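Before I ask anything, here is the structure I am working with.
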Amino acid sequence: MKRDRMLFLLGAALAAVIAGGPLLPQWALFILTIAFAQGLVALGLMLLLRAGLVSFGQALYYCIGAYTAGGLGRAFGVSDVFLQMIAGAAMAALVAFVLGFLLAKYRGIFFGLLSLALSMILYGLIVKSEALGSTDGLNVARSTLFGVRPAADWVRYAVAVAAAFAGLGAATLVHLFLKTPLGRLAPAIKDNEIRVEYMGASVRYAIHVQYVIAATLAGVGGALAATTVGHIDPEMAYWTTSGEFIFIAILAGTGSVLAPFLGALLFGAIHGLAYDLSPHTWQMSLGTALLLVIVFLPEGLWSLFVRRRTA
Amino acid sequence: MDQIGPVVVDGIIYSAWLFIAAVGLTLIYGVMKIVNVTHGSFYALGAYAGASAAGAWLARGYPPMLSYAVLLLAAVLVTLVFAPLIERGLLRFMYAKDEVVILLITYALFLILEDTIKLIWGVDPYFVAQPYALLGSFEIGGLRYPTYNLILVGLALVSGGGLAWILRGTRVGKLLLTVIHDPEMSRAMGVNVGRFYLVTFTFGSMLAAIAGSFTAPTVSVVPGLGVDVIVLSFAVVVIGGLGSVPGAALGAVIVGLARSVSVHYMPQVELFVIYSVMAVVLAFRPRGLFSLVEPRRI
Amino acid sequence: MSTILAARGVNKNFGAITAAADINAAIELDSVVGLIGANGAGKTTFINMITGYIKPDSGGIHYEGRDITALAPREITRLGILRSFQIPQLYGSLSVHENMLTALGIMLHNAGRGGFFSLSRARQNVPGHDAPAEEVAERILERFGLMEYRNRNTQVLPGGVRKLLDIALTLAARPRVLLLDEPTSGISAEEKFGIMEMVMKAMKAEGVTVIFVEHDMEVVSRFAGRVLAFYDGRIIADGRPDAVLGDPDVRRYVVGEPHGQDERAPRA
Amino acid sequence: MRELKKLAIGGLIALAPLGAMAQAPVKIGVVMFLSGPAASPFGVPAKNAADFVFDELNAGKGPAPYGKVGFGGSKIETVVIDEAGSTTTQVTEFRNLVQRQNVDLVIGYISSGNCLAIAPVAEELKKFTNLFDCGTPRIFEDASYKYVFRTSPTATMDSVGAALYVKEAKRGIKSIAGLNQNYAWGQDSWNDFEASMKQLVPGIEVKTSQMPKLFAGQYNAEISALLGSGADVVHSSFWDGDLEALILQGSPRGLFDKSLGVLTTGETAMHKLAAQIPDGTVLGARGPFGPYAPDNAYNRWFSKGYEARFKAPPNYASYQMAQAILGTKAAWEKAMAANGGKRPTNEEVGAALERLSFEGPGGVVRMANGKGHQAIMETAYGTTKLVGDKLTVINVQRYPAETVNPPDGVTSTDWIKSGFKK
């Protein structure tokens, strides 16, 4: 059964992080954690992509999650990674629920550009508010887990494991959601909205729900990034950030809930290499890599795995 | 003191600039259904080409009045080098792909072009201040404005009117409209759709380059110049209705005036006035102001 | 016989074009009604107004005595009024079988139940059917002779099969009223009757009231128990097929018309 | 939990070898903008300065007391990283520098946002890091660090200095107006300048504070608003692209004829736009750099050598980089002297730099603030005068470090509000 294999894969991945983590150097653990954070956002984008929607403003919820986590630390001294992620998710979900009523009406490029406008408005608001440090942003208190403050040398590992739980846990839930009638509606909506409506289902409702789920995932990712990077700034809501997430989502493809995380890892790797190998022309390297992926892996990273399996 | 005069003039000047910068984007989308991120790159290319060419022209002591022609020529030439290369070399193989995927492709191209520009012109800024001051200035509401700004307004009117005339008045324009309406059918009817795409892409990009080269005398041409133009033009074009030239004009005027009003009366909101306008317009007119009505699908 | 569906004084204009002028019609339970008329006479508009895609300028649609004029298409669908389309509305990226499962899945979704596709867990019956999704799907496909296409992608199917599937999908919702918009358009003359046979048989068995738009008068007289003739947005004749088809106005305005693609009718 | 601990200890063992220092030469991570708008005014001049100074030091050609080859005899290698990109990117790259490239020290960061983000990470990784350019005073006011230093003064100095100069240059000044970029740098600069002016000239009127979007490029509307306001002084902390656009669009419209223009970072543009900057504009260089640099041995060595090699005079970013390198070298060699000639650890270098006072091309630098981690210097302002085709500064005023910097432990805002209490 496909389902069982996927759940097994997810479990294996979690085990791998827990067991293999200690063997990784800290910089690798950091990159891994960031990959989980970005992968969570991409996972949400994947949900929307299945319904034929692309959000150029997912950074909105990434940023909301991050500032919620950061604010929690500054206001109430909460630095627990899980609490921060839960708060970030809740806040993002709340905002998405409200905005969803508006956005669920939109399709195609207009859905994308309206979400972009919304995230740019948040960017403007934060830049404006000097209490939030404007573009300089704020530092986030060092992460703790269940009240324990890990020693400097293994805080990376602890956070990475927390990220793995959050990321792969979310992936599992999404995987199960895709099995529900609602989850199954997405491709039908992408294919033929009219038929869906004329079978008696509400397309708008379905999109609204998936939009909120996507935002929640982005919120978790943002909170995770905040506590990992240790710093938050409005750049997190800027359109270029959304662009990176879309890149990751396309890179990953919609083939599997595991793909977004691999996509994020690969993106991090490409990005890092570009910086190391050509500090003066990293944009060119990055752009070229992007092109090659789109041209040669149109179905996304996951198609590699699928092909290998069938071949 | 009365600010109305300046508010309007500032608004119009900014609108004109916005329109030239944005109209190419709406044209390309209207015809090819491509949201073209490289638009910003062409703006930058135009700025660099214009600045360096006009700079060299003036440095050699050639007649300064002709520097405007040089600006124009530089923009045209640089586009003729890059646009066909991109369209023929890459984009035309991608038209089958999803709108968003093509957008990502142009985003990748944009990144590549950013560094290409850096490799050609380096990171040091380029200036051609002379053309800006050359034409003297006029006064409104006791404030002095360089006459050069009127050139921008003129350019906007010419390019807007020109486009409208080509699309409505000429045979090519009519053919183009059929291509827009149904590329497959037109192809079947023996229209060379490929050439139309090439011309449209080149022409649209050229407008961006011209906007860049004529902005060059008023700014210092530095790396990253094109980035903000992208999102700004998107905002304008979306407000007006993607693919509609009059829409782009209306969008530019709205945004331009909104910005100048906010600058004069409440500077603190300037930062997000544009996106707020965009969000509000989309909230009430989901497909922009001059949107073509959605076709019935049953 | 009791009225199940009624249009009362319905008017609709698109700019200058009159799509519906004071339409009054009461459809009896279990009847089979054929709609004829020249292109743009208002047949599809009539169907679109019943299924809520278009709202009348005035007048109302009543279903089992209830005014459904204001309802959204999906709400009307949930009441048991289903429709097919001139251009089949299918899930292009899915196979015939998956199309059917998706349709049945929406039934489960509407009923707030889960688990279709993941067959191992989808043991519960589809609402309105006495079997789980997989089984129902097989049955319906069987009944429309679609099994041989079961795993074909719908985009590569021949036109007739697409039409059939488009109609078959409606059965997933256990319709009480079914509106067929030109079920045989674009289908060769020899296929037509076979397809209509199959559809009508299925609907009879399900006890579905059928309203169908048709250009082919032979098909109409063969399958319809009653015919409404449309001209310029009005019903110019209403009665038994032979009577209506014998009517001079109808002969002049309707039958005389050549068949073929309807130009003014909107497209998908 | 215990499970977790065990694994973590395993992790420590696995990581142990990474902790080991690479052998000589001294490997230094150098971070500054190589792309984007900040590359040309700051990044590249700073990079050039680094190239020049490192080459000179490796050749043992530095002026005394910097004559020793490289750092304490061991040659210097550099790993250059572009500062462009999100703070996430920058933190990632910093971790790569430290843990993958195993650099011994890091010198870099122009953006205040990046500095704020990097400081805690440097602390976590126990890596000596010298923030060479960024301006925000928040770094050492919001927190205190062991491994993080800044050998350049804060932006507070620029605004206070500007205010003091304006008060003298424009007697009987009644009103001010501002044009600053809408992000932290612009906001802070304007707030400090406004607060200082209010202290120095009680009852001064603020006509308008324009805050356009960063890199907006088109400033006609803002300039109209400023012209319309008729303020005596127009303050702007614009830099490079925006600054040059402002000058190009403002001068023809007589912006700086009507009001006294104060460009706190104007020095980066003074050579490029010599012809466009009108005479009588107040020009800042973020410290005693460029035209305000003292005529000492280090400055002669640096500015002459730099100009000879890069065909352009160094700007303040170049000076700050040179100063950061020399300060670090001084600390490194002082630490070596203290530990008997052994290669110093990051802790030893840090301890040596704390409260150190050294001299560079910008004159005397004293690590007096932020518990000895934040430099203070004198600063200078002057007004422009075009001589031939070269832009020069006249009526230069110098302000001693204590006059333009808060005492240690006092935040800039409190200090200004207190009326610059000593």
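The first chain written gets the first letter, and so on, giving A, B, C and D; residue counts start at 1 in each chain.
Methods note: contacts are C-beta pairs under 8 Å (C-beta built on N, C-alpha and C of every residue); 3 or more make two chains touch, one makes a residue touch a chain.
A quick note: this is a predicted structure, and the numbers were derived from the prediction, not measured.
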| item | value |
| --- | --- |
| Central chain of the complex, centres being mean CA coordinates | A |
| Between A-C and B-D, the pair with more C-beta contacts | B-D |
| For chain C paired with chain D, centre-to-centre distance based on mean C-alpha positions, whole Å | 75 |
| Cα-centroid distance, chain B relative to chain C, in whole angstrom | 49 |
| Rounded Å distance, chain B centre to chain D centre (Cα mean) | 37 |
| Distance between the centres, which are taken as Cα means, of chain C and chain A, whole angstrom | 44 |
| Where chain B touches two or more other chains, by residue | 114-115, 118, 268, 271, 297-298 |
| Residues of chain C whose C-beta touches two or more other chains | 85, 89, 268 |
| Per-residue overlap in chain A, given as positions that touch at least 2 other chains | 127-128, 194, 280, 283 |
| Residues of chain B defined as touching chain A within the complex | 35, 90, 97, 99-101, 104-105, 107-112, 114-116, 118-119, 231, 234-235, 238, 242, 268, 271-272, 275-276, 278-279, 282-283, 286-288, 297-298 |
| Footprint of chain A on chain C - complex, ascending | 51, 72-75, 77-78, 82-83, 85, 89-94, 102-103, 105-110, 113-118, 120-121, 169, 172-173, 268 |
| Residue ranges of chain A in contact with chain C within the complex | 1, 3, 179-182, 184-185, 187-188, 190-192, 194-202 |
| Chain D - residues contacting chain B, complex | 34-37, 39-40, 43-44, 182, 208-213, 215-218, 220-222, 224-225, 227-228, 240-241, 244-245, 248-249, 252-254, 272-273, 275-276 |
| Footprint of chain D on chain B - complex, ascending | 1, 3, 6-7, 9-11, 13-14, 17, 114-115, 118, 123-125, 127, 129, 132-133, 137, 141-146, 149, 215, 217-220, 222-225, 227-228, 259-260, 263-264, 267-268, 270-271 |
